[in-house]
Structures are given as C-alpha cells and as structure tokens.
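Some structures are shown below for you to check.
In the two complexes that follow, chain A is the common piece, with chain B as its partner first and chain C second.
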Partner chain A sequence: MKLGSYSISELTNKTVSKNGIILLVGPFSVRLRTRDRQFVSTLRDLYLDFSIGSADKQIIDFHIDMFSPPNHRRWIKPQINFSIDGLFPFSPFSVSHATPLFEWGFNWCIARNAQNYLLLHAAVLEKNNRSVILPALPGSGKSTLAAALSHTGWRFLSDEFCIVNPRDGKIIPIPRPTPLKNESIQVFRNFSPDAFIGPLFHNTRKGTIGHLRPPPSAVEQQNNPGIPHWIIFPKYQSNSDTNLISLDKSFSLMKLASNAFNYEIQSEIGFKLLTTMVDKCTCYNLVFSDLNSAISQLNTLADND
Partner chain B sequence: MNELAQESQPQKWFVPDRDVLLIKQWGDNAIVYHSKSGETHQLNDIGTAALLKIQQQPVSIEALANHINNYYEVENPGELTIRLQRLIKEFEMLGLIEPFSE
Partner chain C sequence: MTDILRSDNNFILSFLKTPEIYLSYTKQDWSLLLRVARNTNILAHIGWILKHKGYFDHIPTKVKDNIDAAQRIVDYRKQTALWELNRLHHALNNLNTDIVILKGGAYLLSGLPFSQSRMFADVDILVPKDKIEIIEQTLLKQNWKSMKVDEYDQHYYREWMHEIPPLRHVVRTIEVDIHHTILPLTSRLKPSPGKLIADAASTKLYGFKTLSPCDMILHSATHLFYDSGLENKLKDLIDLGQLINHFSENNEHFTSELIERANELDLTKPLFYSLHFTQKLLGTKISAKDIQNAKYNTRISNVTLLIMNILVPPAILPEHPDHPKHRVRLARWFLYIRSHYLRMPLELLIPHLLHKSKVRWEARKTRP
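Right, the complex of A and B next:
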C-alpha cells in the first residue's frame, strides 16, 4: 500500500501505535512514530507514492521517533525531537519545523549508518538508461538543476546521496523529496508551475525550505539501479553563459572523493569503485545561470553521446 | 676501498611494499591510493613517471632524471633534478617511498 492511499487520520493512528509506519525509501526501511498530525499530513503529501511495509515482514534499518520533549515547552513554543534507536543527535526543533528535522535526521542516519555502500554527495538522474551524477557543494544549484531535469523527461534517482553498490558499481536510487532553498523555490515554481512543493519552512538553518515531491515514476522505479555514464560538476554562476567543459579524469576523481561521505572508510574498495566509475564516465564542469539552457545542453549531450 | 665505493654510491629510493600503493593512470597523470595511510594523491606527469619508476626498482635521483629526460625531453635538466629532489622529499614525507640501503 502506498502512503497516499491512507487518510491523514489513518496514518496518524498508525504513527502513534507501537509499530509506527514502515516507510520504504530506496534501499532503506524506516520505522517512524510520531503524534504530530501536521507533520504526518506533510509527510503524506511529500512521500505520497512511497510504499508502506509491514512490521512483521520487514527488517528495519532506522527506528525513528519524532516526539515532543517532556517539558513545559509542550504548551509554550512547542518543540519536537528527532531520535533514532533512543539517541538524540540534534537539539529539539520548533514543532513547526518537524519536516526539515525529519529530512535532515534521515540524511544523518544514512551518512552515519549506511557504510555498506559508497556514499557520494550528489544528485543522480538518468536518460536513455544512462545515469548522470551531479556532485556539488551546497549553493551550486545542484538541487534546482536536478529538480528541473526530473520534470523534463529525466528519471530522478536522488538529490542528496549517490549510493554506489560496491558489488557492481551501480547506483541505488533513493528518490526522496528535494529540498529547494530560498530563491530556488520561486525559480523552480516558474519553471514547473504544476509540480507539488510542500509548505515553506522559514528561518531554518538553511533559510527558507520547500520540499519538492518526487515524480511518481521515479518512486515506481526506485528498485531499478542506475548505470553511471556521466559525472558533471554543476556550478550556478549568476549572469554566466551555459558552459559544459570536459574535465580531466584524475582531477574528477579527486573532486568526487572530496564530495564523498565515506570514501576514507571504504578504503581500497572506495578507491577501486571510484576509479572504475570515473573510467566508465565522461566528466565535465557545468557552469550555468539559465535552467533551460543548462537542460538543453544536457539533453544534447544525452542524445548525442 | 669497499667502504669508499659504497660512500660514493648515490642515494637510491624504493617503494617498500608494492601492494600498499594502488595506482590508476589516466594519460600522463595518475591517482595513487596509499592503503597504509588511507590517503589519495593526484600526480602530474613527472610525479607519475617518477613513482612508477621507483616502484619498479630502487633508483637514484640522477637515474630518475635521466629516465624522465628520455621521456619528456626536458629543456632544463638542472631544473628537473631540483624538482625531483623536492618530489622525492614529498613522496618520502607521504610515506610512499623510503631510502634504499643495499
């Protein structure tokens, strides 16, 4: 059953129960418990097409609880805690920011616990059964570009984590909602007015955030791995022309390694995975300021390469 | 006599454990992974040629300079030797190579 096939009341009844709900997101199963109805409602909107697993059939990767701390702030400026397996990795957030807290907490769980994969900080999309990896630092325009590509015929595999399976070097999709930040929210709304963006969360540590719901087709195909074909380092630069510049492979590998969450931990396996990946891919820097122009360049690349 | 001969031998350098270094070459450049330190280094053409040569057998800076000169036809051999001295120092500091004693 998909999350969207339950009403908010049905979901809330589940999330307050002992077993919570089991969200199946990419390779992970997340047991979530909460009493926050507003958070459940937003979660339903954003994860609408994801399936819910059964507690007795599922091995749970992350046991997440989102509850108010037991103090007087339950009534005055209420707060919410994120906990995993009884640990509280963050200070409480305002209860109105439960969704960004959940998303950041989920990122934290993956980066900390999913050491059986090589984890790169990158968005991943796919066209003609070939994946493009977009590794980038915050502020590079990666998420906006990935979101725009995902609404113009590219299959969306991931926004935050490029999860590489060490067994075969393929990319395991995790098509979670994309957090659009500040100006990029309006930029994307202008680009794709029909796309669903959840409520805006102001004054977070990253400014204003709105989460873009992933396309249903991306969720449907979340069990189909991607095959790396291009590595493109995007860089938004205001007023610049779109410029796709071929990049030396050894330099690309160093950039990729510096963008990885756990390259050092993976040691020789990580090195072999990355060198194999870079070997098979063509590598570029992409400087852009105009989304349509950047997409047009990437479409040309995908159609002619 | 033997001692004098040994003293006049130029210092050689070698890679103590070949399996410790994983080297991936792309064109003239390379990436080297040092599994003892867990560090990854990017090498330019001269660095790549030098490390690959040292990995093959113990070699002195002079012999290294000759080898690289044959490859790249360097304009200023004196400058190359100075560059190699710096490079060897850096390789040693990174734990990639060690002085060789016969």
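Right, the complex of A and C next:
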C-alpha cells in the first residue's frame, strides 16, 4: 500500500502506535514513529507514492523516532528531536521544522551506516536506460538542474546520494524529495508550475527550503538500478551561455572521489569501483545559466551519443 | 517472536551461545539483532560468527548488507590504526624503548582470529614510566597535539591517571593513549607495570610488543570490572570470552596459569569476575573447579557476589531500544558509583565529581 492511499488520520494512528510505519525508500526500510500530525501530513504529501511495508515482511535498517523533548519548552516554543536507537545526532529543532530535520537525519543515517555501498555526493538521472551522474559541488545548481530534468522526460534516480552497488557497479535509486533552496524554488516554479512543492521552511541552516515531490514513475521504478554512462559536473554561472566541455578522466576521478561521502572507508573496493565507472563513462563540464538550454544540450547528448 | 515478556538480554546472548538459533529467526528478530548489535558495536562480530560457522550464505541479503557495512568500518579503523602504529614507530624508533601495544591493536598483532571483526577506536600503548616524558616530548615535536588543554584535565591525568592526556597527530583522526600502568594511580588495586613489561612478547611489527596471553586477559578483565561502569560493555565481555577460548584451546592448564599470574599481580578479583561472568553469560568453557580456585584468594563474600549477580547482567547487556527499564538504569547507576569508588579514594573523588558537575553546569549555562 502507498502512503497516498491512507488518510492523514489513518497514517497518524499508525505513527503514534508502538510499531510506527515502515517506509520503503530506495534500498532502505525505515521505521518511523511520531506524534506530530503536521509533520505526518507533509510527509504524506512528499512521499505520496512510496510504499509502506510491514515488520513481518521487511528487515528494518533504521528505527527513527521524531518526538518532542520532555521539557518545559513543550508549552512555550515546542521543539522536536530526531533520534535513532537512543542516539540524538542533532540538537532539537523547532517543531515546525520537523520535515527538514527528518530529511537531514535520514541523510545522516545513510552516510553513517550504509558503508556497504560507495556513496557519491551526486544527483542521478536516466534517459534511454543510461544514467547521468551530476556531482554536487557547492553552488553547482545540481538540484535545480536535476529537478528540471526529472520533469522533462528523464527518470529521476536520486538527488543527494549516488549509491553504487559494489556487487555490479550499478546505481541503486533512492528517489527522495528534492530540497530546493532559496532562489531555486522560484526558478523551478517558473520552469514547472504544476509540480508539487511542499511547505516552505524559512531560516533553516541552509536558508529557505521547499521539498519537491518526486514524479510517481520515479518511485515506481525505484528498484530498477541505473547503469552509469555520463558524468557531468554542472556549474551554474549567471549570464553564461550553455557550454558542454569534455573533461579529462583522471581529473574527473579525483573530483568525484574527493567529493564522495565514504571513498576513504571503501579503500580498495572504492578505488576499483570508481575507476571502472569513470572508465566506462564519458565526462563533461556543463556551464549553464538557462535551464531550458542546458536541458536541450543534454537531450541532444542523450539521443546522439 | 519478539514479545515483551521475553528478555531481550537473552535474545542477544542466545545468539552468541547458539548461533544456530538464526534458523528460527523471523524478520522482526533479524531487525532486532541488527539494531542491538549495531548499538553495541558487535555487528561485524556477529558477521564473523556467521561466516566462521558457514551460515553467512544462508542469511537474508538485507542482513548481509548491514553486516558488510559494519565490517567495512572495522576494516577502515584497522587500517587507520596500523598506519598510526607505523607513524609511531617512525617517530619513536630512535628512543630504543619497549613499546607494548594494548587491547585491539594487540589482538590484531597477535593474529587472534576474532580481531578481524573487532571494532576499535584508539591506539593504546604501554611504556616504562621513566620513558614517558621523552616519548611525549618526541611526539609533540613531530606534530602530535595534546587533546586536553584544560589545566584541570592536565592535572587530573598527570597526578592520578594511568595514562598521560591523549595525543592526536594534526593531520590524522585517531587518538593515541600512552599508559605507564593499567589502572589509575589512585585505584584500590596496584598491579606492577614492571612485571607486565618484563613478560611482554615480541611481535613481527616494528619490534612492538604485546602483553603475554595471561596479562592480556588480566588487563582486559581489570579494565572491564575495575575501571568502568560496565554500562553496555557486552563487547568487552565478548573480548574476554574470545581470549579465554583462544588461549585455552591448545593448553588445558591455561586457566590455572591465569589464576597464578593474577595472584602475582594482585588482580584476582577482576579475574574471578571475568571467569564467572563469561561462563555465566556467554557460556565460555571454564570448569567449575577453575572458577572455585579463582575465587579462593579474592575474599569476595557471598553477599558481594549476590549483589554483583543482580547488577552486572542488566547493566552490561544491551536493552531492547524500545523498552528501556528502570531496573537497568538503577543497576547502571550503582555500578557507575562503584567504578568511581574503586578508581579513587573518597577524599579525591568528591572534589573531582564536584569539579565535573561545575564544568557541566557552566557549559549548560552558555548553551544558546
């Protein structure tokens, strides 16, 4: 059953119960418990097409609780905590920011625990069964570009984690909501007025954030791995023309490795995976300021390569 | 089935004693095992048992994935620690002094099979006390930095502790703890570090030494039962069980030698507790006669033993994360007090605890 097939009340009844709900997101199953109805409502909007599992059918990776700390602030400025098995990796957030807290906490769980995969910091999309990896260097405009591609016929695999399976070198999708930040929220709204963006959260540590709901088809195909074919380093530069420039492989390798979440921990396995991947891919720099023109360049590349 | 009445303590112990129990595991049982083992830092060890027994290929992929993840972290830490040992050798080679590697590093250098999946955090070394100053100075000159800059902390370590304030090299992440003995100077037990170093065994790595098998166990025993509050220390108990298993495998007199050595070093109490609780909780093969012999010289009364039997299991075993119990909190609190009482005489302990709470209070005040 999908999240969207339950009402907010039905979902809240589940999340307050002892067993919580089990979200199946990419390769992970997450048990979530919370009493915050507002958060459940936003979660339902953003994860609408994801399935709910059951404890007797799924082995759970992360047991996450989102509860208010038991102190006097409950009455004045209510707060909320993220915890996994009694660990509290963050200070409490204002209860109105439960959703960004959950998303960051979930990222934290993956980055800390999922060491059986090589975890690159990149968005991943796919066209004609070939995946493009868009590494996230700061200010690159990666999320906006990935979001735009995902709404113009590309399959969306991931916004934050490019999860590489060491068994076959393929990419395991994790099509979670994309956090659009500050100006990019309006940029994306202009680009795709019908897309669903959740409530805006102001004054977070990354400014204003709005989460874009992933397309239903991306969620439906979340168990089909992607085959890496291009590595493209996007670089947003205001007023620039769109320019796709071939990139040296060894340079791309170093750039990817230094920006990964766990390249060092993977040691030899990581080196072999990454060199094999870069060998098989073609690598580019993409300088852009106009989304439409960047997308048409990438479409041309995908259709002719 | 994971019902509330069944003690989860037994849940993880049942696996450790009879891994075959995995055959009856439901999905919920696997979820609980992963969760508890990860919290206790023994997930890779669980994987080692399953591989060792040839069961690993028969478990669910999801469990394998999580175990692989835990093993990957252990491998990375091992690599980091071995590199730190390489750097320490490079830095200290000219001093021509005995350097004894303790705990995780020592298990690794001694080729103990379980050490391949044992999680460890720091590099711990033992050196002769008259060499500790030159060692510290030499390392400080080569870019290791002291991690305790507070004047009180410096004083605390140097006056009362069995180690100097931990060091860390500026470009690396691993901590180096340099000990001159194995218990705080203020502790009630006073094993002679000279005897430990005299008996230390050579290894193949850079002339580093490790404690002799008996002393390795006595150190681990002392650390667990005389220098910790035992809270969630199942991993340390497993170490003891594995060490005892390993060394008694080809030597039926090993336990007797161990008891004799404990007498020499004034460590009979921690040894008795170790034999008693590894046998009781993990089912480690130690004969009742050996346990009796170990108790003989300790002057542990039956009342004390009864109290320890009540407090130690709930404190040392991981709880079910969804059902924390008051009983466990109470047991851990008593053992925490016990550990401080054993570490320091009251006239030192009380001012020390007051200072610690003052620091904590001030930190809380300045927090936004």
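Just so it is clear, the second predicted complex is superposed on the first by the 305 of 305 C-alpha atoms of A that agree within 3 Å, B and C clash if a C-alpha of one lies under 4 Å from a C-alpha of the other, contacts with A are read in each partner's own complex, and residues count from 1 in each chain.
Note that a residue touches a chain if its C-beta (ideal position, glycine included) is under 8 Å from a C-beta of that chain, and two chains touch if they have at least 3 such contacts.
Owing to the predicted nature of the structure, the values given are computational and were not obtained by experimental measurement.
Visitor: Kindly classify A:D194 by the partners it touches after superposition: chain B alone (first), chain C alone (second), both, or neither?
Guide: Once the two structures are laid over each other on A, A:D194 reaches no partner at all.
Visitor: Touching A:E264, do we find chain B (first), chain C (second), both, or neither?
Guide: both
Visitor: Comparing chain C with chain B, which touches more residues belonging to chain A?
Guide: Counting contacted residues of chain A, the larger count belongs to C.
Visitor: Could you say whether A:D303 touches chain B, chain C, both of them, or neither, answering first, second, both or neither?
Guide: After superposing on A, A:D303 lies clear of both chain B and chain C.
Visitor: Between chain B (first) and chain C (second), which does A:D85 come into contact with in this model arrangement: first, second, both, or neither?
Guide: In the superposed model, A:D85 contacts chain C only, not chain B.
Visitor: For chain A, what residues appear in both contact lists, the one with chain B and the one with chain C?
Guide: 264, 267
Visitor: Touching residues of chain A toward chain B in the complex: what are they?
Guide: Interface residues on the chain A side: 248-251, 253-254, 257, 263-264, 267-268, 271-272, 275, 278-279.
Visitor: Under the definition above, what is the set of chain A residues touching chain C in their complex?
Guide: Residues 18, 27, 29, 55-61, 63, 85-86, 113-117, 264-267, 269 of chain A touch chain C in their complex.
Visitor: Give every residue of chain B touching chain A within the complex, in rising order.
Guide: 22, 24, 26-27, 29-31, 33, 35, 38, 40, 42-43
Visitor: Hey, which residues of chain C end up touching chain A in the complex?
Guide: 26-28, 30-31, 34-35, 38-39, 60, 62-63, 65-66, 68-70, 72-73, 75-76, 79, 321-322, 324
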